[in-house]
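Following are the structures in question.
Here chain A shows up in two complexes: once beside chain B, once beside chain C.
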Partner chain A sequence: MSQKISWFGKTSLGIGFFFLYAPIVILMIYSFNASKLVTVWGGFSTHWYGELFRDEAVMSALGLSLKVALLSSVMAVALGTIAGMVLARFGRFRGKSLFAGMITAPMVMPEVITGLSMLLLFVQMQQWFGFPEERGVLTIWVGHVTLCMAYVTVVIRSRLVEMDRSVEEAAMDLGARPMKVFFVITLPLIAPALASGFLLAFTLSLDDLVITAFLSGPGSTTLPQLIFSRVRLGLNPEINALATITVLVVGTLVIVANRVMARAEKKRRLLAA
Partner chain B sequence: MKRFFPSGQTLLTAIPYGWLLLFFLVPFLFVLQISFSEVEIASPPYRPLVEFADNLINISLNIGNFTFIAEDSLYADAYLSSLKVAITTTVLCLLLGYPMAYAIARAEESRRNTLLMLVMLPFWTSFLVRVYAWMGLLNNEGLINQLLLNFGFIQEPLQLMHTAFSVQIVMVYTYLPFMILPLYANLVKLDGRLLEAASDLGCKPWEAFLKVTLPLSKNGIIAGSMLVFIPAVGEFVIPELVGTPEALMIGKVLWMEFFDNNNWPMAAAVTTIMLALLVLPIVFLHRREERMLAQAAARH
Partner chain C sequence: MLMESSVSAANAAKSGQPYLQIVDVVKKFGDNTVVDHVNLTINKNDIFALLGSSGSGKSTLLRMLAGMETPTSGRIILDGQDITQLPPYERPINMMFQSYALFPHMTVAQNIAFGLKQDRLPKAEIDARVEKMLDLVQMKKYAGRKPYQLSGGQQQRVALARSLAKRPKLLLLDEPLGALDKKLRQQTQLELVNLIEQVGVTCIMVTHDQEEAMTMAGRIAIMSEGQLLQVATPNEIYEYPNCRFTAEFIGETNIFEGHLAVDEPDFVEIASPDLPTPIFVAHGITGALGMQLWYSLRPERVYLSREQPTEVRNQASGVVHDIAYLGGFSIYHIKLASGKIIKASVPATQWRDEPAPTWEEPVFISWGDNDGVVLTQ
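Right, the complex of A and B next:
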């Protein structure tokens, strides 16, 4: 099935990748623009990066976003791993298809719907139980966990489905208890999936705007909310600098993770062969 | 499979199950409830459906929000324009994404991973950043207009921002990876021998494509289209940042009812109708995904 890519394939890949990358590259170039007018070139400068790091609103929003992303992705990986095991290993049970449906739906559901409905739940809970007292980090965290766990579940589940189960079965035949099988055999085997699930959850949480807007309260402004409120007013050279840093950091992380996992996968295949 | 988790299996299932029931499914019931409520100057700004006073339980269902939506053409227009934009986005993503997914699936195995990562990379980097990048390009003083002016194609800058065009191109841009990934996953499994057989039997390459590849990639096309179409219907950020104030999309209407008008019941009614529109595509997508996973599980 492998062969040289045809000229048609090359052209469509060329056009496609140009379309995907040109806007980002141009945005990055203009972040080094000395002029305050983003689109008029006024010479090379790193002025806006300095401004960015001195901008306290940006720094505190970044701090909050990182905190929420870390807390959300840890919980999402925990819940997503259990959910993945339930769907891939527990066989049939009543209500399974509803469960699987609730995993698929948050990934495609327009975020305005998820955000509004979750907010109405919290408001109702507040009236009934007095908890959560106000919207803030806790409510944002619940929203992000719900969204991210769906993605983590899909990653873990597909890994578990593809995985060779003979080792797990051998361990069980030798009398290992299920918990031991899970922690000693299954968990190390799905470690790469856990890592990519974590990375996915972390970046999704870091990037989420719409659900956060519904669930955040006064005094809990995340980075995407801050960017959004500024970008609404028009182009802003500081945002170009911030975007450039985001792209570089996330890009490097993803490329490194991808390389590491590709190598692990290759090694695993060699060992299995 | 019982012996794998003889005890605690139910308990373990209950944790994520309970989480999703409470935080994902149950909230829709509140949306439905509040969509039948009336807006009130209070905190929260709606009248409860059930009131208890003087030994009387008063249940008032207000269908006013729905009749208002039916009567004011603003809402119908917004739903229609959202559906139109979502369908156009899906078709354009398919036309652009299919050849890319196909080329990646037919590439040498060693290069597939890299090519696929190049598709994924924009998806991982911030959604807002990707929309913002286009704001700079489409601006009246933006690069596209500057280039066109410099080469003398136009005398006056074109109005690209805040048009139907800007919404459409940014939608395609941000949703494209969602189309390519499922298509690739499907096309990479295609047995090359089928195409050889078709060619041996005298099929021209394009005939083989139409008669073999295209029908066999039906599942990938459907999955990719749903992954683009469903979220695109409710898109808010793109029409807000690059769209026109006149041609409203329903996601933005919902947002305005909630944040600007503080009319929660109306926002809930708009959401209820949107959910009713989307529930079938979501169930359809889910059924297909489950069937494909079951097939994958059967092979192992």
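Right, the complex of A and C next:
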């Protein structure tokens, strides 16, 4: 199907894409800059990529970020699925609105508030119980799970709500107990939602700066924190190189995830038709 | 049009002991009474239809039988066992859902085997039974397909096979053919009845389609606002409805409102403001003189003619108000002097030698002494 697009349409599209992607493209180009100054082109070089991989601070911050992101998103998916099930399947119960509100509060709450209140909580807890002893991976993880779980719950709940309940009822009718129904029927059917919830949580955790800033301790610096502090000291093409790799990795993941989701969606449409 | 005798009407006669008893069952959602003191007895190997419009409580009643809902009060007894409080996974009852509810991530064979696996049957036995079920519904070729690769009719057959695989004591069908298109539906109705009879399972179906209920079921219950209005064979329901709702719900009918004007042991006359002369009914009824009555007259019982009939007592004159031509027959809307519009079903064969009456033409309608039904409510 080819449709003629008017010159106005084409121009608008061009300007739109330019505003969205030109900064990223420029950033990528300057990552191959030989010069030490980000804004002055000094010829093509992959020097800064080498520098980046030799930079231990960056590598350890990246490692920590990936570790925290993985742990948080796994936990957020587990808790989010349970919360989504409770909200979508357990009918009306006392305090349901309160529960739903509290679950989604971290989404609308300014992160500064979330971060600060959790910091105060941890400090208080440390005084009372001596735990957590210091702020670090554990506290960052708790903070990230709180934030990510809100998003995961919303994704999974909406999938459960639109899912045909009679499929679960049929399984129960055929003799499967509720637990079995959940693991054998419900879970496989909401797998795409689990996957997208996981990816959402992973990216949220990976680039969170504000909550992390409140909850991290000495020796636990995540990648966003490191970049932020480096940039304050002055720009450097090494950061451009890091950003380029990040964009490529994230872009690839998004494309793959989209493909998988589209396939699952197509299957579902066919079944519904 | 409706068939006067249904395929399985004969089955009603050969049924035995009460098999399923629904005793004074009530279901309330908040203040809303959805099922209102329902009592029902169903015999072994019956095919029974719950017929009603949406919101009549028929689906809720079915879900209570399946165990998806618990009655507010009352008891459900199946084959001597009180199952009122049993969860769905412990009931010897299986249901075919309106949407079929096939498991989309499992193949046809896995879908059918699901219930058997829950019973932890040996694998050889499961395979044998799945094979048998696939044979029964003629889906052997499609055993390895996923539900989304099947047509609506095929999905329906898989859903049926899945609900029969466990050999339930009671099979529930929720709008069994509701998701199929009309042509396929008519063909499937008879197939489905044959399959159910072949397996020999007691079956309760819920439907809002009267044709489906009359074709498939041996007995029908008409349900409205949570109550059962009439439980009878399709023939009885159509020919002898016990109230206006049933008469109007099943098929088309003309209702005359009137009062008892002459009350003799062997005949009565009903005076209706819609008609110039009282309606003559050739049997007695129990009721007081002057009581309010309704008279239901099916369109196919109304005889349409150009000349005034001489030998029939029940007649009226009118003009043709509207004609719905349906091929084999036409529905004439005749406007009487009182302004009342009467529907008459006229076979095409009636007008062989002369043109059929046309719009605004004066005509006579007439009917026999026993062609209508007197209703007291």
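Keep this in mind: the second predicted complex is superposed on the first by the 254 of 273 C-alpha atoms of A that agree within 3 Å, B and C clash if a C-alpha of one lies under 4 Å from a C-alpha of the other, contacts with A are read in each partner's own complex, and residues count from 1 in each chain.
The rule is short, and it goes like this: a contact is a pair of C-beta atoms (placed from the backbone, for glycine too) under 8 Å apart; a residue touches a chain by one contact, two chains touch by 3 or more.
Keep in mind it's a predicted model, so treat the numbers as computed, not measured.
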Between chain B (first) and chain C (second), which, if any, makes contact with A:Pro188: first, second, both or neither?
-> second
In the superposed arrangement, does A:Thr46 touch chain B (first), chain C (second), both or neither?
-> neither
So, A:Ser229: does it touch chain B (first), chain C (second), both, or neither?
-> neither
After lining up the shared chain so the two structures overlap, which partner does A:Ala171 touch, if you call chain B first and chain C second: first, second, both or neither?
-> second
Between chain B (first) and chain C (second), which does A:Lys267 come into contact with in this model arrangement: first, second, both, or neither?
-> second
Broader residue contact with chain A after superposition on the shared chain, chain B or chain C = B
Between chain B (first) and chain C (second), which, if any, makes contact with A:Glu111: first, second, both or neither?
-> first
Go through the superposed model and pick first if A:Val123 touches only chain B, second if only chain C, both, or neither.
-> first
Report for A:Ser60: first if it touches chain B alone, second if chain C alone, otherwise both or neither.
-> neither
Which positions of chain A sit in both the chain B and the chain C interface?
-> 164, 172
Sites on chain C touched by chain A in the complex = 66-68, 87-90, 93-95, 97-99, 101-105, 114-115, 118-119, 147-149, 162-163, 166
Note: in the complex, chain A contacts chain B through residues 1-6, 8-10, 12-13, 15-17, 19-21, 23-24, 26-27, 30, 37-40, 79-80, 82-83, 85-86, 88-91, 93, 95, 97, 99-106, 108-114, 116-118, 120-121, 123-124, 127, 142-143, 145-146, 149, 153, 157-158, 161-165, 168, 172, 178, 181, 200, 203, 206-207, 209-210, 213-214, 224, 227-228, 231-232, 235, 239-240, 243, 246-247, 250-251, 254-255, 258, 262
Which bits of chain B are touching chain A when the two form their complex?
-> 1-6, 9, 12-13, 15-17, 19-28, 30-31, 34, 44, 96-97, 99-100, 102-104, 106-109, 113, 115, 117-122, 124-130, 132-137, 139, 141-143, 146, 173, 176, 190-192, 226-227, 230-231, 233-237, 240-241, 251, 254-255, 258-259, 264, 267-268, 271, 274-275, 278, 282-283, 285-286, 289-290, 293, 296-297, 300
In their complex, what parts of chain A are in touch with chain C?
-> 164, 166-167, 169-177, 180, 185, 188-189, 267-268, 270-271
